[in-house]
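One chain, subunit A, appears in both complexes that follow, with subunit B as partner in the first and subunit C in the second.
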Partner chain A sequence: MLKFTNTFRDGVGFDTLLVGIALGYLVVFSAFPLAYNLLMSFQDVDLFSLTSFDRPFVGWDNYREILSRPELLPILWNTVKFVGISVIAQLSLGFAIAMFFQLDFPFNTWLRGLFLAGWIMPALVVGAVWSWVLAGDFGVLNHVLSELGLIRANIFWLSDPDVALYSIIFANIWLGVPFNMILLSVGLAGIPEDVYEAAEMDGATRIQRFFTITLPMMRAQLGAVISLGVIFTLQQFDLFAALTQGGPANSSNVFQYWSWQLAFQNYEIGLGSVISVLMIGFVIAVAFVYVRSTRYEQES
Partner chain B sequence: MARKYGLLALAVVILSIYLFPVYWMYITALKTGTEIFANPPTFWPRDPQVQIVEVWTRLRMDVYLRNSLLIAGGVTLIVALLGTGCAYVLARIRNRWMDGVLFGVLMMQVLPSSLMITPIFVAFNQMGLLEYPRLSVVLAQAAKVMPLYIVLVRATFLQVPRELEEAALVDGNSRIGAFTSIIVPLARNGILVTSVLIFLQSFGEYVYSRSLISERALQPATVGLQSFMGPNSSDWAGVMTYSAIYVTPILIVFVLLQRQIVSGLTSGALK
Partner chain C sequence: MTFQIELDQINKYYGAYHALRDVSLQIPQGQFVALVGPSGCGKSTLLRTIAGLEGISDGRIEIAGRDVSTLAPRERDLAMVFQSYALYPHMTVRKNLTYSLRLKRRKAGEIDTAVEEIARITGLDGLLDRYPRELSGGQRQRVAMGRAIIRDPKAFLFDEPLSNLDAALRVHMRAEIRKLHNRLGATSVYVTHDQIEAMTMADHVVVLRAGRIEQQGAPLDLYDRPANRFVAGFIGSPAMNFVDGVVAGDGRSVQLDLAGAPVLRFAGQRPAGEPVCVGLRPEHLEVGAGRDINRLDLPVGMVERTGAASYVVSDTTPELMIAAPVRVADGARIAVSIAPENLHLFARAGEGLRLNT
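Showing the complex of A and B:
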């Protein structure tokens, strides 16, 4: 008995216990729902069978049903646009701002940190603020744009099906730029100054230095930031809830919001699970690449 | 020298453009109902009105914010209690098993709430947990943010010199003693900052609360805000005042801890 307690006080038992508690929690509240989700995607789950433990299995019916939905392709395309444009814009803006704040001037790191104020705010509040800025009739953005002579009539950013998705992308870029910028700053700060000096002495121009030194030396960071960007963009839900609820007519809907709508507004829970399973598979694949690349960098 | 101040001025301009929406929120909160819809809009309120008390009582903000605090506090407590030890072991021991655990933790970090909520809702419903909606949100959100906590705190533990721990063991401390009296105090700052970060994230949690809590009196401030922003709402002064009251404490904490939060984030995400 004494030996038993001792291993928990001093030996491997102590480590196993500490890891085991946290891991057990995660298995119950993350891994189990993950598996349950997969199971439900093959079941007929609606309001009546919700609490039943004995739900009918329907094979691939839910998957076939999702594939036959006319909104599938437009929403898929929206998701691709949402992720693609957000990630590219966040990355390039973040990179540009990071490089600017790398220059030597007073308060540069302090001012740079203030950008994260946008990131720390609850996304739903950010959505509320943007829906006021973007409001069609009295929104300040329309006013500024027409003062500058860029638009003649008010644009209905959130209710025009042609622009609603882009408005959300815009707000999402705003939300994501600071995080990208801060991570890239770390990478930039890690490039030794003398490499640049040597290149400058050899007569390399600013642009040459960017492409031959900065970009190659930032490869690991860029990989990490792009994968994190994809992951975080696919987590974005609050902005959709605050700005357009996926509308008008699904024109700004994306998979992660559609899955929730299917389950919680239409009560087609099995169908929601299908989308959820597919999306989680994709997110995990991206995360796999991210973890592999950052681990590898660290060990070498 | 002039170049430096030129750059500083440019930096301030860039930052101001970026933070304009935040400014606009505060300015709108100070405007009267008619001034909000003035054309052209005023960029400084003509007749500033502080509507904090009125909005606070009319929109029942005390109830919503208390729920948000309860949820965020519960999540932070669970995560800090369960996650700290795990982060420590993952920082100290490197073998095949621990690499596997770390990999699993990193994977669970990326699961989107909006996709996890469907199985969580059904499972919690079957287990009867939905009888306690706020507890359900706390449990689900803790699982969501615990991986991030473990990753960030692990990065802090990596910086605590192994020698100090070994010295404590030689002096006759047990592992538990060394852990609680030497290692955790040395990593105190990292643990605190990460806990603050987890608290702030959970303070603004939306998906789980929206889906698991149906009773209005138990909902947190995000869900409350959403319910006031119906498609035909024109009470923008109210919504912006609400938002301002909600985010001001968050922004204050952030500005005070800015340096620590930034360095904590970067060490965790890239290592």
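Showing the complex of A and C:
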């Protein structure tokens, strides 16, 4: 018995247990759902067969069905715009604010901390607040704009098909900037001051210093922030649920929300799975880039 | 005469803190100047104001006859070697060396020729495609030097460039920097806290304390005729001994405040009865010199033996350090004597100014 407890405490037993816990967690909560989702994308799943593994296999039928849907291309294009504009804007604003807080002025760390307030709020709450701001009839934004004399008639930010997607993108940018800013601040703080001074002595202007010192030395952080930004933006569900539900007429719909609509509103669960599988493939590619960029960081 | 670097009444404040006080300095073309002083004396600040990395509150800086007081560092055409080397970590040695040339959009062929030349001078051939993290401390030091040399600047500024190297390499690089200076004939300003570095490398040594120049001159002038007690104690290793004393009735000798009240002759004349502080360099307290006057018979306290010399600390109050080129046994007495011209007399009050001529 003593021997057993000793092995457990000092030997391989304890190590195995620790690894086992982590591995078990991953298998149950990550690997199994992923595999199950992949399986469902090749099956005909309805509400009655949801709890059973024994479902008819339909081969690539679900995939063909999704690819033939007329809304596929508009939603794909919406998703590209949503991710592209969000990530670019979050990154550039986050980078600009991070550089601003590198300057030495009173209360700057304190103010930077305040920036995180938006980030720690639950996205659904953020969505509710933005739905008040953007509401067409009595929204805060319309009120402010008309008081300033910038608009005559109310703009229906969330129900006009031409602007609904951009309203969500705007809210999403606001939500993501603090995260970008903090991560990039850490990177900027890691660049030694004397390297900038050496560049200054070598004749580099402020702009040249940015492009030849700051940007290349931030390569790892930028890679990480872009990959994580793409992944987080593809996960963004709450804002769509709170603001437009993908409408009107799919004009603000994106893959992640469409997948949920198909699976849990239309109960076309196999079709919802197909979209998830496609998105997982894309996220894996992005994660690969992320891992590559952080590996570079460890080497240097 | 125009100087390569001329500082006129430089003052610098950090808020209420007066970091540089009326610093004036003239450096002719080709001179190697060392700024030396204890930490916090303002030597690095002074170098950084010359570089333009720090602004000045008052005064005027000229480089090669041009007023640069308000110009940005890149407009001053000076090169700096940093204590931390400050190499660009994301660039290879070649890119580090050529950074300034690439900024100036020099032709590729011209840059290649320059980098080969610099690599040969600094002994970096074969390392050009490495990253700084793959180099040893000494090699990084060379890259930092090469990066400065390749620009052919108006002057080189060194900010304690050797303090991150181990002792042996430091001695080696000391000679190498000085050789390089002779070869390039460039003007150099070198900051160090190590007075040996300053003495061995520089043509002209500037001793700073609390933002003020205490004394400047050729290294041996500072050693032979320190202007005040601070410089006397700072220059020379091991440091000078100080003993209080009173000028005797003849005005040509001083009675020391030591057991037995020994009286030593000094060169020159001072008013009788004047309270003074007497400076005696450890290496001037000669053991067994055949001298009839200026003898001291001291009890031996501790002895440090390096082989070539014995550093004897006398068992007196205050303790006296004697650098003896002979082997000394513990606990004995030691007879030393000192030549009158090697006695330094300083005022006991105020700044401790030098009294004897």
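By our rule, the second predicted complex is superposed on the first by the 284 of 300 C-alpha atoms of A that agree within 3 Å, B and C clash if a C-alpha of one lies under 4 Å from a C-alpha of the other, contacts with A are read in each partner's own complex, and residues count from 1 in each chain.
Keep this in mind: a contact is a pair of C-beta atoms (placed from the backbone, for glycine too) under 8 Å apart; a residue touches a chain by one contact, two chains touch by 3 or more.
As the structure is a prediction and not an experimental result, all values here were calculated from the model.
Undergrad: Is the arrangement of subunit B and subunit C around the shared subunit A a clash or a fit after superposition?
TA: They fit: once the shared chain is superposed, the two partners occupy separate space.
Undergrad: Determine, under the contact definition given at the top, whether A:Gly84 touches first (subunit B), second (subunit C), both, or neither.
TA: Neither: A:Gly84 stays clear of subunit B and subunit C.
Undergrad: Based on the superposed arrangement, let me know which partner A:Gly281 touches: subunit B (first), subunit C (second), both, or neither?
TA: neither
Undergrad: Based on the superposed arrangement, let me know which partner A:Asn108 touches: subunit B (first), subunit C (second), both, or neither?
TA: first
Undergrad: Could you figure out whether subunit B or subunit C reaches more residues of subunit A?
TA: Counting residues of subunit A touched by each partner, the higher count goes to B.
Undergrad: Go through the superposed model and pick first if A:Pro56 touches only subunit B, second if only subunit C, both, or neither.
TA: neither
Undergrad: Considering only C-alpha atoms, give the closest distance between subunit B and subunit C in the superposition, rounded to the nearest Å.
TA: 9
Undergrad: Quick one: which bits of subunit B touch subunit A in the complex? Just the residue numbers, please.
TA: Its residues touching subunit A are 4-5, 7-8, 10-12, 14-15, 18-19, 21-22, 24-25, 28, 36-37, 39-41, 78, 82-83, 85-86, 88-90, 92-93, 98, 101, 103-123, 125-126, 139-140, 142-144, 146-147, 150, 174-176, 200, 203-207, 210-211, 222, 225-226, 229, 236, 239-240, 243, 246-247, 250-251, 254-255, 258-259, 261-262, 265-266, 269-271.
Undergrad: Can you list the residues on subunit C that touch subunit A in the complex?
TA: Contact set of subunit C toward subunit A: 51, 53, 72-74, 78-80, 82, 84, 86-90, 99-100, 103-104, 131, 133, 147, 151.
Undergrad: Give the list of subunit A residues in touch with subunit B in this complex.
TA: 9-11, 14-15, 17-19, 21-23, 25-26, 28-34, 36-37, 40, 45, 50-51, 53, 97, 100-101, 103-108, 110-111, 113-118, 120-126, 128-133, 135, 138, 140, 143, 147, 174, 177, 179, 182-183, 185-187, 221, 224, 228, 231, 234-235, 237-238, 241-242, 256-257, 259-260, 263-264, 269, 272-273, 275-276, 279-280, 283-284, 286-288, 291, 294, 298
Undergrad: List the residues on subunit A that touch subunit C in their complex, please.
TA: Per the stated touch rule, the residues are 192, 194-195, 197-205, 208, 212-213, 216-217, 219, 300.
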